Amino acid sequence: MPDLLHRYGPDLLTGFGMTLFTWALGTLLGFALGFAIELLRRFGPKRLAWPIRAYVEFIRGTPFLVQLFVLYYGGPLIGLRLDALPAGVLGLTIYGSAYFTEILRAGFDAVPKGQIEAARAMGFTDGVIVRRIMVPVMMVSALPALVNFAIILTKETVILSMITVPEIMFQTQTMMSETFAFVEPILILALFFWGFVEVISRLGRRLERRFTHYLLERS
Amino acid sequence: MTFQTSLKSALFGLSALTLAATGALADQLADIKAAGKIVAATEMHYAPFDMLENGEYVGFDRDLFDEIAKELGVTPEYQDLPWTSILPGLEVKKFDFVLAPVTMTAERAERYAFTLPISDATVAFVQRKGGPLSTPEDAKGKTVGTQKGTAQEIQLQAFSDKIGGITIKGYGTPDEAYADLMTGRLDAVAGSAPLLNYLAKTRPADFAVVNPPFGKPTYFAFVARKGEGDTLIAAINEAIKKIEDDGRMKALQEKWFGAATELPQEMPQL
Amino acid sequence: MFSFQTIFDNLPVLIGAARYTLLISVLGCAQGLLVGAVVCAGALSRRVWLRRAAALYVSFFRGVPLLIQLLVAFYLLPVIGINVPALVAAVLTVGLCAAAYLSEVLRGALNAIPRGQAEAAAAIGMAPRDLWLRILLPQALKIGLPAIINELILLVKASSLVTVVGIVEITRMSQSIASATYRPLEIYLAAAFLYLAINLVIAQAGRLLERRLAY
């Protein structure tokens, strides 16, 4: 193990960094796109409802592996030629947006209608209602599911190895095929992801406390 | 977190210990003969060595191992596993033998026992039909893909140093490299000659092999557990020699590779 | 260049492999919901040790990639004498992993139920068991339904990881065919449509259920 760490240490560090980077970018952009889509569905023209639903079902319904393969290896056939890293981040963004949209939809649906009606009656604009009432209340029920999905995305990033993005799976696979060691790479992957996910879920818990603070005080 | 971590490392450490302790004592050949069957695992993703046709396992390895099992007097059983689980599975004895063609290298031989060479694995280039290479040396300044972490990648690197610069891109499997050759991101793919020949034979309209191979001679072999597997390896090596001497190997090579090649009948210098 | 013939030729084999995808998804989902509800109850318990145990469970099964969990279940447990058949190991591991995610979804949904309801139920002397089974869980299932459907769809796709224990389901079969025919694009698209078909059924069932539960 020390030999392997010495030999592959720098590659592994690059891999960790690349995984963190692609995950962070993919999650943020995916969430932003998902949020935009949900707002469009809720407040946009009715005729957009059907295309949005088709988009969500198609992206959710097919494996990320296939989407990424088609984007990267099939794209050039129709003139869409992306480098590995942009293709990977774009793939994660699109994949994430479909799931985030669905989670946000459920969250907004759980906001009691009375609160929105009351706000409207008081003359609040849609923008204010979304920002001040719907989002904070929605976050209470949606946050665990959002964190869940952000965690799932950490593991989807390993599929980027298929299109040669040098993330952690790519590096450990190289280590495995060069040396035929397998316990070490498995251990490295397990510990890295466990630590990574633990950090994300702690951050999630902290956010959750912030949004549910007003609920807890009463009990 | 610290408790969980130590528990996990204890589990892994334990596994390594137990494996080391049981490795040296047993005689695997006797066990296999007593059971009357040998379970061989491979990744059925490696045409023409291992592949699935309409859900059935076929290929050079299959035909060769059917013959080997006949020589051993046992029934072969085949298992399809991704490469990730082949070495762990071998260690914990989910099966007896790795039937995947593995390029022989000194580093790998430290961990596992190799059989005699079962095929040539020398590296060559494949390109799109009508591509830019007429000799391997034309690869200078081009972008070439290969399966990363393989002995072929190391040879490609050496060749690149020799002729003065090839941009090398590593892929998880050869399949992805071929796909990227089709997209035009790659000018060529480097891989073992038997694989590339089969590719060009299967899709002659799209791919063409650049002759001759450029690497130094290397070989594929099969793999067993060290120590315990020694008797098994010895018996399989005898079987391989017999199959080569009586012409069956030549017939198989012609069937799957299109041409016969001589293989060394003793362990090559790694 | 794109070959539809390849897709038609290999569709029957792919559909055959889909049986394993379905089997593992259905059993894994049932187990995941059951265990997930228990873990969620543990996470919300008054007892500290139950909360800790639930947190550890979620941390492990959500933190360590399913691929690695499967490798451990099938290739490392035999070392300490636990040897189970591949299919059993696959279903159990997938189910335990799904439970971690589902318990979190349920917890979020329970958070959204106004506290007054539990207080009112306690005030009229309702037993905690009735409170859970009649008031809290039904509402949590309703509020959490879209997120649960999300998780189930993810589960169907995650079932492709069971190939590491030697089970040949849709993804594995499509990789094998792609490798033998050198036509990955065609085969992967075919596989994508099989997954899409399965997941559309799940999503549609979810929407119907949602409509029935709506008040």
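By letter and in written order, the chains are A, B and C; residue numbering begins at 1 in each of them.
One rule holds in what follows: contacts are C-beta pairs under 8 Å (C-beta built on N, C-alpha and C of every residue); 3 or more make two chains touch, one makes a residue touch a chain.
Each chain and its UniProt protein: B = Transporter substrate-binding domain-containing protein; C = Amino acid ABC transporter permease.
Note that the structure is predicted; figures quoted are calculated from it, not measured.
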### Query
Looking at C-alpha means, what's the farthest chain from chain C?
B
#### Entry: Chain pair with more C-beta contacts, A-B versus A-C
A-C
### Message
Rounded to a whole Å, what is the gap between the Cα centroids of chain A and chain B?
### Response
37
### Averaged-CA centre spacing for the pair chain C and chain A, given as whole angstrom
17
### Task
Provide the list of chain C residues touching at least two other chains, using ranges where the numbers run on.
1, 59-60, 67, 71-72, 184-185
### Query
So which stretches of chain A touch two or more other chains?
69, 73, 77, 186, 190, 194-195, 198
#### Entry: Contacts with 2+ other chains: residues of chain B
4, 12, 15, 84, 88, 91, 176, 179
## Note on the structure
In their shared complex, chain B is touched by residues of chain A numbered 69, 72-73, 75-77, 81, 161-164, 170, 173-183, 186-187, 190-191, 194-195, 198
### Query
Which residues of chain C touch chain A in the complex?
1-2, 58-60, 62-68, 71-72, 101, 104-105, 107-109, 111-112, 115, 143-147, 149-151, 153-154, 157, 160, 171, 184-185, 188-189, 191-193, 195-196, 198-200, 203
### Message
Touching residues of chain B toward chain C in the complex: what are they?
### Response
4, 11-12, 14-15, 18-19, 41, 44-47, 51-55, 79-82, 84-85, 88-89, 91-94, 173, 175-176, 178-179, 199, 202-203, 206
#### Entry: Of chain A, residues touching chain C in the complex
57-58, 60-67, 69-70, 73-74, 77, 99, 102-103, 105-106, 109-110, 140-145, 147-149, 151-152, 155, 158, 186, 189-190, 193-198, 201, 208, 212, 215, 218-219
### Summary
Within their complex, chain C touches chain B through residues 1, 13, 16, 56, 59-60, 67, 71-72, 74-76, 78-80, 163-166, 168, 172-173, 175-182, 184-185
